[in-house]
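The same chain A turns up in both complexes below, where it pairs with chain B and then with chain C.
Entry: the complex of A and B
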């Protein structure tokens, strides 16, 4: 991997960088869409490519079950198997073990689980996770970490953090001996729950391994914790992580989260949110999410966003057409998925441009103003951005500030927007 | 409409023509994919356009219920509503009335049915069908006909045929007064069931209206009748219909049916078959349909068809990848839908080329040899093509001929093909 910081924001911790991997260049900060089963739901690889996306995420757990490493190896890796020419990141498989398997027991050796197919006890070790990710051929591989709920407290959190460090060492060892070090890259995952002290210990240990890892992820968040805690942990990690390594915040996908994280110095994020919400008929816009199932859109002959460059908006597909087919035809979900992924790319592309041009604070203020408008700024965003020198409320004496996550959902017909 | 015959086969009744409508040129013979709800299932208008398709079919019944003619008119017609720049054909709405509505009573005035939304009695008259199709803005509109099952016998068939002629007159009257005659075109539908005498009477009557209709459809077939009856009625109609009008055989979609119909002089056909079978995981190939759900494809790293120019095959999406996602991800259905529509276009494009080059009989022999091979030629195809001078069995002393429709389905794992 080549990683080069091209510009940093004069006010916040945001930066623009160029990450060069075996399958091309990806500009950071970026949002990575999730292709669980080697496919972005509803889109062909050609459609994803046409959106300008250069980095997607595959789930190791799913690809290991089906089609399995034998077929992936025979195919020449997951890139060839799925017809994807650009960069690919895989998770370690550990998170799905915990979230999807009825029985998972973590031992020092690895994660012991019952196979969802045969029911037989199966062990996923750090070495096995690396081996599967090697077979997949991901440009970026994640270490197996010991994942606990982000709401968990007590000694298990400390144990999981320490074990994640030990498992990182085993992943590094295995990867360095694999002969794949020049084409595939290993990222460490910082754990430690919501405890700043444990996070700090984990950061110290993992930063010691800096020369043997290509990048760092901030793990164990986006699991239901308070947003005001979330951003403080992200900031703590981003502040300490080495500037010459990419920083990936796992599980982040709301536009406001992406921009706050970017302002705190995060370079990469992933989430199923924009693709999943598209399948529920919700289009993302700079004025907030738009629920196309609402009857008011039945007669709305404008595109989702007249300024959007996605094929759906550029092809002049109207809100009325999408409303018409959104519960009838899968292509409605795909049309909205293309729009939503383009929206995420626009949010991040706009951020990159603003950072390069030295106007990122103004970009943030404008985005939050448009997105939350008179519905009220989420307090945690105000706090997070103030911590890096941007005051969303500056010059807005009558601005409303709201508690909670502040996501602005348009689910009822009474929630009217012009 | 401009309709110009460019070439005719020296042996069969096949011909190549150019049909120029308000939304562009379509070369005939052609297969028209069905976009029931103003969308080819799974594909965006941009994807359909990229396949080279220039003529699709919308269902009047569905579009009249939702979004309704008010919204279509406000949008500027169904083309704009669905973002489709090319040609569009609508059916009359009558067929769905009979097939979908629990209560439909045909009177001389029109088809009386209970609204699927309100349950209230509603009447679809020939004039109303025209009015809806005018609002849709279809380049080709079909007359309202009195549709009976193709298996029905007795006086009701004669009545339906005669009423279809009377309703054609009412459609012509309404259309000619609409001021839409220069941009929209009305096709008559020949009825008469499986009775050659009734068909002849219908042909006589409808050909008398030749100067007031733009083209003719052969209706009331593809409803479960014996294939050997089917082709004889098609031949009777195609032989008699005026050469300077396009001929559309309704409900035809298997590759062998398309080619037999083309050889008999048919110019257009439509069917949900290639899109529906794609959603069931069946890819159409020149060696017969391929069921991608079969486990033998799990390790098959070749594309569906290496010579196919569709995005799926050109993008090197493997059979193994499609097998992997075919029951998991809707994009598998779309990938196969694109392939299947391209297959239909290849079958018809190959036919057009062969007719132009004077090699259509050889094209037919090769297609049937590849497609049915040692599984056996369907007898009805042999008979139908012999009637226009092509002997599929010529020089094949040991050729196998099979009864029935002869469709070659790969639904069991024991039906092995290399």
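Entry: the complex of A and C
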């Protein structure tokens, strides 16, 4: 991997960089759409490529179950299997073990779970996770980590953090011996729950291994914790992580979260949100999410966003037409998915340009004004951005601020906004 | 006002024929289409699974047929709010280079319905049944401005059998409604007669009733009736083409094909009795010919809801049908079938009787990609690698520029993908990924399009009609005409749908609690 920081924001911690991997260049910061089972839901790889997307994510847990590593190896890796010519990242499978499997038991050896097909006890060790990810052939692989719910407290959090460090060592060992180090890159995942002390210990240990890992992820977040805690942990990690390694915040996909994370110094993020919400009929716009199922869109003959370059908006598909087919025809899911992925890419592309041109604070202010101006600024976003020198409320004495998680994304809020 | 011309090229003595359909729109655009050819079916106005960008990349999509009834849930109907030329095509997002035809009802929908009346057709939308009068149909069509309009027709969708009285009524109403859409006695130009009217051949399964309907079309009109449609002397003079909706006829004849219309996964039985896809074909041909006998030969004939290539060939040969809807091939894509057949039968399959992959020893007209046999199959979809299928699953899309989101994004052109493999599609089907159906729809339409190209080529030769008869015989000898492939695929589809589709969590809860 080549990782080159091209510009840093004069005010915030945001930066623009160029990451060169075996399947091309990806400009950071970026959002990575999730192709859980080797397909972005409903789209062909060429459609995804046409949207200007250069890095997507596959899930190791799912690909290991289906099609399985033997078929992936026969196909010559996941890139060839799914016809995707650009960069690919795989997670380690650890998160799905915890979120999907009912009977997972974590031991020092690995994660013991019952196979969803046969019910047989199956062990996922760090070595096994590496070996599956080698078969997939992703450009970026994630270490197997010991994932606990971000709401968990007590000694289990410390245990999980310490074990994640030990498992990182086993992943590094296995990966280095595989001879694939020049084509596949291993990322470490910082754990430690919501405890700044544990996070610090984990960061120290993992940074010691910097020469043997290509990048760092911030894990164990986006699991229902308070947003005010979320941003503080992200900031703590991003501040401490080395500048010459990409930083990936896992499971983040709301536009406001993406921009706060970018301002705190995060380079990459992934989430199923934009593609999943598209299937439920919600289109993302710079004025906030738009629930196309609402009857007020039944006669609305304008596109989702007239300025959007996606095929759906460029093709002048109206909100009324989408309302007519949404959740009833797969074509609606495809159309809104293409739009939402383009929206995410536009938000991040706009951030890259603003950082390059030294106008990122203004970009943030404009985005939050458009997106939250009417409904109210989430307090946590205001606080998070103040911590890096941007005051969203500057010159807006009468601005409305929403307490708590504020931005918690709701259909009803968005309805009022349009 | 657009115009439609149809040039038939065949000797008057032969039934089968080739032709060229040319549509000239009021803005001067001219589209042409060679026949025999296909018409792409839609659902709620869109080609199922193909977003407009993929439709544009699928050359086989030259004519889309859509039904209006799904828009009746909103008053006023939304497409009529979209003013302007080709309003409906613009609203639905179909390319200006495709021909758009419009009927009130979905020609493939054979669900039981409340009866029609003397002055209304019962149509269905998500909010229930709506009555549509000839006057409202005329106004919908005026606003929608489709290239081709299907006149209202009275097909009974109450439970068969139908009395003679009902059939007479059906013929009379259908003629009256056609006369209504052809009316010229409006002073208001907004009510000008819609261009390019196609009429459904009414009369049910009674040849005499069908003949009577056609007689009604060509009989000279008098008095008030003539006055209403002047300068037309007969109704047929105002008709641009004939359509045959086979689905309701098949129901009356006792059709058993399960895969043909959408069916809930839970309702698919464990075992499906294999049927012959051409079981009713000869019967239907007789009925169609009863209609066509008194009618002029120079108008295009369109068939909706055919069962597959065998029936198409028999109807090209025995009736001289020019256009067939592709609903069956699109339905095959819904249930995981990649079509693979050719006309004329390729050399390697001739004299290969008994070696085929179907239970009868003949060759299947496609693959059920749910089958485990394809899990490790890294071939492209067509069996014969030397053939080039132009679909998005087999051949790369024409290169175009990708979007750029920032100044430092390197500009790039979409790279050509190698063909998608059967193994990948097998994986997508089993993981319930929607992309599988998009790729299969594009592929199946392309295979069907090439098949029609083959028919036209054979008919274009010297003595083409004789060659066609012989080639149809070979085709029927080599390719299996049973429903076995569709039945297997439907079973597999239902299994995956129940395991992974909508309502999965609720079903698992029930299983867990027992």
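Brief remarks follow.
Just so it is clear, the second predicted complex is superposed on the first by the 405 of 418 C-alpha atoms of A that agree within 3 Å, B and C clash if a C-alpha of one lies under 4 Å from a C-alpha of the other, contacts with A are read in each partner's own complex, and residues count from 1 in each chain.
FYI, a residue touches a chain if its C-beta (ideal position, glycine included) is under 8 Å from a C-beta of that chain, and two chains touch if they have at least 3 such contacts.
From a predicted model like this one, the values you see are computed outputs, not experimental measurements.
After superposition on chain A, the partners chain B and chain C collide with one another. By the touch criterion stated above, A:316 is placed in contact with chain B and with chain C alike. Contact with neither chain B nor chain C is seen for A:151 once the two complexes are overlaid on the shared chain.
In the superposed model, more residues of chain A are touched by C than by the other of chain B and chain C. When both complexes are overlaid on chain A, the residue A:43 reaches chain B and chain C alike. Once chain A of one complex is fitted onto chain A of the other, the partner contacts of A:71 extend to both chain B and chain C. Across the superposed pair, chain B and chain C both touch chain A at residues 37-47, 66-67, 71, 74-75, 80-83, 298-299, 301, 311-312, 315-318, 320-321, 324-325, 328-331, 333-335, 338. Remark: chain A residues 6, 16, 18, 25, 27, 37-47, 49-52, 62, 66-67, 71, 74-75, 80-83, 85, 298-299, 301, 309-312, 315-318, 320-321, 324-325, 328-331, 333-335, 338, 342, 345-346, 348-350, 352-353, 356 touch chain C in the complex. Interface of chain B with chain A (complex): residues 37-47, 66-67, 71, 74-75, 80-83, 298-299, 301, 311-312, 315-318, 320-321, 324-325, 328-335, 338. Within the complex formed with chain A, the residues of chain C that make contact are 43-54, 70-71, 74, 78, 81-82, 90-93, 126, 375-376, 378, 392, 396-397, 400, 402-410, 414-415, 417-418, 420-421, 423-424, 426-428, 430-431, 433-435, 437-439.
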